[in-house]
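In what follows, a structure is listed as C-alpha cells, so that the remarks can point back to it.
Labels run A, B and C following the written order; every chain starts at residue 1.
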C-alpha cells in the first residue's frame, strides 16, 4: 500500500475508534448505522474471499451466518460465556462448510452457484424444522445484550480483521492460487495448484468469519429466526455488496456495504414493499452489463481517462 | 537411450467407439528430447494428455521414477515433477506476465518457495530463460502469439519440472519464431530438464530431438533416432500417401 | 429466472380464465424473452457464464420486487369450481386439474422433443448451443436463433408456471424452491435430452411422494436437496455424460 493510502486508512480507523465517544449521547443512530456498516462490511469481505478471489459465487452463504447466530442464541441464555459461544459458532459454521464443500465443489461455475441456492434453502428448512434445537419458525430470543459500545467495537474489530485478512490473502501464495482458480482452474491444476483444496480453504475462511458475524448479529437484535438469518434475502445481500463495490478487491466489499446499508436501512423506509430489492436488482444488472468491476471499476476508468487527457510531466502512465 | 524416468505402458484411450490410442509403450530417458510425431488424428495429443495426467487412460499405466502416477490428478503429476503446456495457450488473462509465472513458481515440484519475494525471483529467472524478462510487467493478454507460447513455457518451467511436456509449441509461429523457440527448448534441456515435444513440424523435430516416437492411428509404428524414424516406410506413407514410400 | 416469471404471470392469471391464460402468456413471454436476449443477454455473451447468471439474477430481483409491489407478498390461489373438481375412474378419485397438468406437461415435452430433433430451427438451436462459431459457419443465423431460443425458454417457463397455478398457491417467492428442484432434475436426468429431463423429473416426483409417507410434509423440499447431494457424492460418473458435462463447465 502506498503512503497516501496508508494515511487515508489510518485516518478512517482513528475516526472509527473515536466516533462512539463523540456521538454516544447525541446521535445514537450514527453509532447504530456505523455498527451495521462494519458488520455488513465483514460479511461482504468474508463472502468475497470465496466469491471474488476464487470466483466461486455462492448464493447460500447465509447458512454460515445462521449457524453462528443460532449457536450464540442457544448458548448465551444458558449462561455460556460469549468467549466460548462465539468461537464455537464460528467453528461449527466452518465444519458445516467443509461438509457442504465436498459435493458442492464437484460442480463448476454457474452450476455450483445454483447448487448453493439449494444448500442455503436446505439449511433454512433444517433450521425451521428442527424445532427442539432451534425453536422453529418462532425463533429464539437472547438475554441481555452487551452495551452498544462493546458491540460497536466488536463489529469494528471483526471488520478490520476480515479486511486485513483479505488483504494479506490477496498478495500471498494462497491468493495466487485463488486468482488462478478463478481465471482458469484447469490451467491452474496443471501448474500444481490443488484446486479443490484451495477452494475448500477459501470456503472455510469465509464460513468462519460469517459465523462470528452471526453471533454479533444475534447479540445486537436479541432475536434470531430461520427467515432472518438463514433467509435467501440475506444470502443475496452478501452477493450484492461486493459486486456493487468491486468483486475480488479488498475495499470493494466495504464500499458495497456502505451503499447496501444506506439503501436498506435508510432508504427502505421511503420505498414501497421490498423496494430495496428493486434497487439492488437494477444496480446488479447495470453493473454486470456496463462495468462488471463495480464502483471501483468505474473509479479506475475515470482515473485512466483523466490521465489520458492530461499527462503530467515525468509521471508514468 | 539413457535410463528411463517417465514410462507409459500399454496406454490405451477410448472415446465412446473411437480408439484414439492403442497399447502404446513409450519411455522417456533422462536428459533427452523425445519427439512424438504422427499425422493428424494419430493420437499424439491424446497420448500426451495421458502422460501428463490431464486425461485418464482407459487402460495402461504411467510411471515416473518408478512411482505409478497413472490416475493421479493433474496437480499431483505436476508436484511429482512432470509439467505440461497446452496446445492452445491458456494464460491467466487478468494477471501480468510475471504474475502468471509466479503461479507456477509458487506451486509445482517441492520445495516450493513460500515468500512472495522468493517466488518473484524464481519467476523472473524463468522469464529470463524464455526471453520474456523485459515484458514481465505487461498484461498477459497484451502479448502476441509467440510471446504467449513462451509465457506458457516459462510458467510450466517455473514449476521446476524434471520432465517438461510441450504440446505443439511451434504451431502458428513463423520461421524466425520457430527457430527462437527451438533454441529455447535446447537451452532448457541443457539446464537439466528432460523434454517431450509433440510436434507437426518435421524439420524442427529432426533438428532438435534426440529420439522420436511415431504414431499412426493410435499405434506406435516407429521409434529411434530422427533420421531412421523419418525415413521409415510406414511413417512416410502415413504423412505423404502410399506412392511416396 | 424461472421464479420471477412464473410468479408474475401466475398473478396475471388470477384475473383470467386459467386454462386460457397460456394463450396470452406464451406469446407475450416469448416476446419478453426475445427482447431480453436482444438487449441484455447479448451484451454479456462473451464473458464467463457466471456473469450472465448474475445479470439474470438481477432481472429476477427486479421482477420479484415488482411482483411484491403490485401484488404484495400475500399468498394467492386460484379459486374456482374447476380447481376443486374431481373425476372417478378405476375406483379412485383423481383431481381434474392434476390430470390436465400431467397431460399438458407430457404434450409439451413431446412437442419440444420433436421440435428440437425434427425441425430446422430446433437443430439450429442445438447446434448453436454446442458451438456457436461452427453453427455460424454452416449458415445458421445465430443472432436470430439465440433470440428465439431464449424466448422459447421464457415462454415455456411461463406456461409451466401457469399450469402450476392450478395446483398450488403462490407468493413472489414461489420460483425459488422450484429452481432447486429443476436443478436437481437436470443433475439426475441430464442437460442434453428431453428424455433425460423426463426421467429426472419422474424420479424426483416419485422420491418426494414416497418421502411424504415417512417424514413431515415441510421436509419434502429437502428431499430434492438430499437427492442432489447423494447423487453428486456417490455417482460422479453417475448419470454419466450429464455430470461430466456439468463438471467440465
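By definition in this document, contacts are C-beta pairs under 8 Å (C-beta built on N, C-alpha and C of every residue); 3 or more make two chains touch, one makes a residue touch a chain.
Since this is a predicted model, take the numbers as computed values, not measurements.
Asks: Could you tell me which two chains share the largest number of C-beta contact pairs?
Replies: Top-ranked chain pair by contacting C-beta pairs: A-C.
Asks: Going by CA means, which chain is nearest the middle of everything shown?
Replies: Most central by this criterion: A.
Asks: Counting only Cα atoms for the centres, state how far subunit B is from subunit C in Å.
Replies: Centres of subunit B and subunit C (C-alpha means) sit 45 Å apart.
Asks: Would you mind pulling out the distance in Å between where the CA atoms of subunit A average out and where those of subunit C do?
Replies: Going by mean C-alpha positions, subunit A sits 31 Å from subunit C.
Asks: Which positions in subunit C are in touch with at least two other chains?
Replies: Expected reply: no residues.
Asks: Please output the residues of subunit B touching subunit A within their complex, sorted ascending.
Replies: 52, 54, 73-75, 78-79, 83-84, 86, 90, 92-95, 99, 102-104, 106-109, 112, 114, 116, 119, 155-156, 159
Asks: Could you pull out which subunit C residues touch subunit A in their complex?
Replies: 40, 43-44, 47-51, 53-55, 57-66, 68-69, 72-73, 173, 176-177, 179-180, 183-184, 216, 218-219, 221-222, 224-226, 228-229, 232-233, 236, 243, 246-249
Asks: Over in the complex, which subunit A residues touch subunit C? Could you list them?
Replies: 55, 57, 59, 102-104, 106-111, 113-115, 117-119, 121-122, 125-126, 128-129, 232, 236, 239, 243, 272-278, 280-285, 288-289, 292
Asks: Across the complex, what residues on subunit A touch subunit B?
Replies: 171-173, 176-177, 179-180, 183-184, 186-195
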